[in-house]
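Worksheet for the structure shown next.
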């Protein structure tokens, strides 16, 4: 890696303005034209702060305490704010994580791109518009003429991110900083956006700083990679070297979290526990003066599946495919429009609240967001005890206390945590508590609704590990709802792929992952990053 | 490349100079001072009297319906009743108004034959009224006629007259002389049950045939206008175009006073008919809103939300300023205009002022000629500027420059806290109860109360008859000797020790019941709006001097009235404003049969005072003509009132009206409101004074502009600093 | 001295409120999240200062809520030994103020004046009638020469302040001992406490010799009146919210949780109520209560109870008219919470409705109640003045700033103006409302998830 | 959207019925028709016949809510409540208890109310936004904190003090404008200066503080960071990004007030002697004129409901993300 350096960051230091607590402790790297430099790390490692500091866009609570960022001859930190405005967008551009919120909701997509041009060029009127349309076409937005006057909310997630990219590239900057550009996107679209960035890097000789937490993205996109950990770059290497020979244990862990598509769960038993037949969940659409129901949103549109005892069934699909609604329907939290759910052969649908009670004990749930699934005003002990009390497990207070201690230890937490409150725990710990809560009533089936999607990769693995252990120990079945195919191989016995309320393909994990038949499954699979294909 | 840059100091300076320029332009645009003139610029050169109506606009202007002094203020300028009062003379003197002479009185027996005045009790009295021959109505569309002589503005449907929203909208007007029948018509209107006149109940006791007339009309099915001329009333007859008679039952000498009130002013049947045009009522085109009369002024604008404007009636009869007055009037300059034709001012604007504060300010700024019409409006603002002392009113130095003229006005009325004579604790006619009441009377220091809470605007009453009315005596003989002692040529309230002694004799030593030891607690019913916290505290302190505890029971007027009607009070507050200046109009306040419990009606004797001697005397006084014989009987009645201590305290309300120096002939008449025609204005002086008193203070405007500039500048600087900051200064 | 304690309804309510607040906070002590948030409020100097100011007002209000009636001396030669009580109600505050309210003048007098504001007829030494400003009964009578007034005031001030410092240190020392280790800026609170104690001592001492804020039309000390207004202001601000809480919370939570027709009904109710112009509703209701009180005089043996009943009615009405806002907020929050994981989880555990409401929903809408409580407080204090102006406010016999302003309005147009009643009411009201506003800002910042979210982001 | 508005309007009917029911109940718990007659007839010579005549004339000679004598539907329809409410729904307000036509009064008094309320409203919003923008420019300096403190101070002063102080200084001491009054002519602005000034100044505290919060809230949004990353200047961002977005809550927060502007301001109008609906209402309350109170409550409720609907519509207009259904 030699030659021209587009941007050089030297010993960048950032601290909290109020108490001087260091956030970045001397970060240095260089960006080269036509190359993508990836900065990887888990949340809180300081990778976003690095990018914002380089652009001098830090929030007021943080202050740059040292270092230099030079672009060409200029040190950006020596410029006045008004001079800096001439650098931003023209020489250094930036795209952000969540395009929906990063775009101004009350301006049309075209106007926002045009603004960049207006700020840095003398284009105006029709010429300006033409240029914007041209840019839209370049970043692959269909019907660029029409899309000019679309508001951000009228565009799909991928298109929004493309508008962001168009905006960033409008003035042909030398450097592009992309801060988690694909995180909020569905996997299939994620791939397309990354392709676009790669392509533009090549064609425009851009120097790109790509910030991400996703090792798969790094593997597929970057030329060089640096791992950040607690405000420092702990390892820096060309991509191939890095993946084949990581120097640091931490880097190793990150790489290990990538899926291994060669080992699958063997199918164990075939004793059906839960059977779904043509389950439908509709939500009414009301219109008109009298709010009559004119149509239905078919959230779940005829799903049939079966889960055996001690088995894990992974339900995979992108957001909005109806997979979570299905979970709620099984729990009798949403009303069904048709079909049958049988648990041990007994129908669950149309049961009243009271009739449902005996089954509550046997079917439990773990939610996606560990923070909102615990009442912040109750102690962990109280949270775990809730089910035991209301489902009448017949334990007295002391017995409950003892059981809570055991459960906490079982999920690898300390028994005396029961007196503490949810906000004192990390996400991973909370998810363990959620597991303990579900286990407390000794269920036969646990519906896991994206239990790991809010967790960092290194913790994710631990939680999945725990779930598997528990399955082996208690013979409990899981319905595992996820959007992330990469966690499936190590976990699931059966997989169902859901799209628009329907299961488009199901079978054993091995079948689906190695020999997908449905194009949608294939698309999903293609976007899963692998270390060694 | 075009760049957006912010040249802050320049921009700040430019902004500031723009603001300054704006202020200057505004100042120029405002024109000459004074800027605070609340009146619109005059469109013509009519001499305009500028005054106020407070605190609310009149509700009724129909002479048959209205019964309030703030309404009389307008009605009495527009209508002219048969009788009137002399403007200057005191005691009040009746004069013929629209009559050519005093009414002729004849007494009739049952059969209707004339009898002599002192010939026993006559069955009827007949009043013969002869009109002046120069009476003429104001121009009004009701009198407008088409070529054929038929009324021009008579519509068959509401749509036909929908274009007219106010009286000035009618292009054609007409007028005609006043006729005797118009007076008859207006008395019939009093009797029309649909009008709901407050006089109906009272007058039908007297006017022959009024009750029957009213009952007949109640049976008549009607829609639209009903010509009252078609229904005769027994006691009324038209002799000729200028003569009419009114016959009343028995003998009622006070009837002639009623003739000076607007109930008896002429109303033309055409007018009544005009206002009953379909759809007129919905647009407030009624006699209640647009009065039509023969008085000195006529209404040209009635916007009760902001102002009422009267203009000179071009058809007003010949009238001159009186040439003689009461003693002192000549010195006070009230006779400067003697013999000149009235009215003097062409137009009178009465602006609505709900609050005393702005009214007061505008008066001091010279924008109102007088501080009030119906109220002096000086109570709330009386202070060091105006203090009522023993030698009249003292004025502060600043205001003496304004040369403001005071017009004191003692109304023929009385405000009092009465005892309920049927109350088991304070009521009753035994000696100890009398003493108890007298003790309470002594403890309540009326003079002090008036000084503090009415700013001296009141006279402590020793009598139930106010000054200016026969029966009111001044000096030692007019003193209430049960409460006061005559010391050094003036009455002095008896000492508290004496009150305590009386209280002990009444069985309440130190305010404690001699038998049970229970403290004496008295209950006072007050109208909640009429009393403040401070005066309640003050009264409490007064009675605590003799160990008596007070409990107030404030309530709204409806509730208070209910309590009075059922006798469910102990001490109550009440007041009475006389209709006419005769002792009878006050003495009846304690006449036994007038007790609400006695007559089962809305009687005026709310104290439920029952004293056979008093009642007997009253019946005699009522029919006696004024004279020494009557005076003696009245004095005996007053003595009974004092001895029995019927009222806790009483005072005659006094009001002070202030007049700017350019207003002349401002003497107040306690009863009649028809005095606007005598007012004279010196317009030139008014202009000068207004100029002088209202020079605006402009520095705050400039100060304000600089303040805004001073606030903007630091912001601009802060912005500039941020724009020039680098990341090196440890900042951002 | 023999006294008979008198418990007015508003006293009962306010002490209930204090007790429940104390219990509430005691219970919440163990909830770490709440503790952390309160910690955030009190970790700022501003929080400490404003809270101390508010507590001072509340303290005055509570002292003024301990009412009693003095016994009258036994009647001379009275047959019975029964003790009778004065119908004048005294409060502990009156005792503390050392009879400040009993030193009446004839009428107006300016602050620290020696003579009345208005002239009076008097006799001079020779017995001639003259007209001059009379000397005040209770101000400067100890002075030999009127010229000594300001030096005397200064001397009295210095002594009073020294006493104040002494009392203040005695009061603060144990607190200092107790809170040595605390991280919160207690020194700010102590500063305010010291100032308050010094001012209080000064006022009590100097008011024995002068009328510090002058006297009003009826000759009552204006400072005393302003202090009596404290109870009205504080109670109105707190009780109104307290009274409406049960209705608003119950309906709001029910609507948000059960949805369906319950929700429709509650929404109908609050839309209807809030669509009536508030002032009309309040006026009509106040008049209604007034009539009820007038019609049932037997319920209230003394005037104070009557005024108190009207006061409570006013609190109630203000509460009812403002409930719709709180109800709406709680409904929205409940809707949100009932979608959250822990409520869903509770459903999955088969927890009953009442238990979900009690354990999961209610505790998590408490912050809204709290924010509304502090935000409404100052608004209600301000509203009182306006309502009293319109004539549907506090009973005139009950001291309140609104009544003072209302009465004092025309005094300003006098020549020279009587400015002190207005000033007195203004400063006492302003200090309370300002403290409450600043404090409510802090509370909102700490408890409102939106603003606290922003804070943690930064 | 049309269907939405129609639905909202239909929903207004039960609300208005509820409002009327409440008004009637509240009023007649306090007053009997007899009381009303007495208050209207004055203090002298009030006879039972006069009371009966007044009740008949004004339509209060019926039972309040239920007519026990009426057969069938008449039991409900031949009542004061039904007859009076029905007229309201036909926008026939009838005559006040003192005999004046309410529709005329309302339609004439509406304009002075609007003449004060509208400038106060517009100037108020404008000034508040300007002040808030200025303060946002100070942002993160000590001045910002002081400005917020001053806002809170301004908020903590009772409205009454602003009015009293304004009248005392501007009108009485400096003699710059008339102290009160109103004329609907070319010089009307002379009377409006002071009330508008007082209204605006009194509103600065809460208004500017609220707007400042909104601006800062928007300033923390991601799209502002995007704009800065584009190289837009601080002022440019303030005007092209923050302001349009912050205007959404501002607009929708104030739109609900617009119809109520017709109702005027109770205090301002009564202090400044402006013959508008605010003082009309105040007078009606004081004199317990039920016909006016009833009509004003009805109008007020309608305006409030219209305000709510307008708010929803303004959302769709100001915020492209919102659609009504």
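Per-chain residue numbering starts at 1, and chain names A, B, C and D are given in the order in which the chains are listed.
Rule of thumb we're sticking to: contacts are C-beta pairs under 8 Å (C-beta built on N, C-alpha and C of every residue); 3 or more make two chains touch, one makes a residue touch a chain.
It should be emphasised that the depicted structure is a prediction, and the values quoted were computed from it without experimental measurement.
Enquirer: State the pair with the higher C-beta contact count; candidates are A-D and A-B.
Expert: Result of the comparison of A-D and A-B: A-D.
Enquirer: When the C-alpha atoms of subunit A and subunit D are each averaged to a single point, how far apart are the two points in Å?
Expert: Averaging C-alpha atoms per chain gives centres 49 Å apart.
Enquirer: Using mean CA coordinates as chain centres, what's the subunit A-subunit B distance in Å?
Expert: 83
Enquirer: How many angstrom lie between the CA centroids of subunit B and subunit D, rounded to a whole number?
Expert: Going by mean C-alpha positions, subunit B sits 35 Å from subunit D.
Enquirer: Nearest whole angstrom, what separates the Cα centre of subunit B from the Cα centre of subunit C?
Expert: Once rounded, the distance between the two centres reads 42 Å.
Enquirer: At least two other chains touched by the same residue of subunit D: list those residues.
Expert: As it turns out, subunit D has residues touching two or more other chains at 172, 220, 233-234, 236.
Enquirer: Counting only residues that touch at least 2 other chains, which ones in subunit C make the list?
Expert: Those would be 287, 291, 391, 409, 412-413, 457-458.
Enquirer: Specify, in ascending order, the residues of subunit A that touch 2 or more different other chains.
Expert: Within subunit A, residues 59-60, 81-82, 120 contact more than one other chain.
Enquirer: Please categorise the chain-chain contact pattern as a line, ring, star, complete graph or other.
Expert: complete
Enquirer: Which residues of subunit C touch subunit B in their complex?
Expert: 72, 74-80, 82, 84, 86-88, 104, 106-107, 117-121, 129, 131, 216-220, 287, 290-291, 294-295, 297, 302-303, 306, 391, 396-399, 403, 407, 409-410, 412-416, 418
Enquirer: Hey, which residues of subunit A end up touching subunit B in the complex?
Expert: It is residues 56, 58, 60, 63-65, 76-82, 120-122 of subunit A that touch subunit B.
Enquirer: In their shared complex, at which residues does subunit A touch subunit D?
Expert: Its residues touching subunit D are 55, 57, 59-60, 81-82, 85-90, 93-94, 96, 98, 101-107, 115-116, 119-120, 151, 153-154, 164, 167-168, 286-291.
Enquirer: Help me check something: in the complex, which residues belonging to subunit C touch subunit A?
Expert: 31-34, 340-342, 344-352, 355, 359-360, 363-364, 457-458
Enquirer: Looking at the complex, which residues from subunit D come into contact with subunit C?
Expert: Its residues touching subunit C are 14-15, 18-19, 22-23, 26-27, 29-30, 149, 152-153, 155-161, 164, 168, 172, 217, 220, 263, 266-267, 281-282, 285-286, 288, 293, 296-297, 300-301, 304-305.
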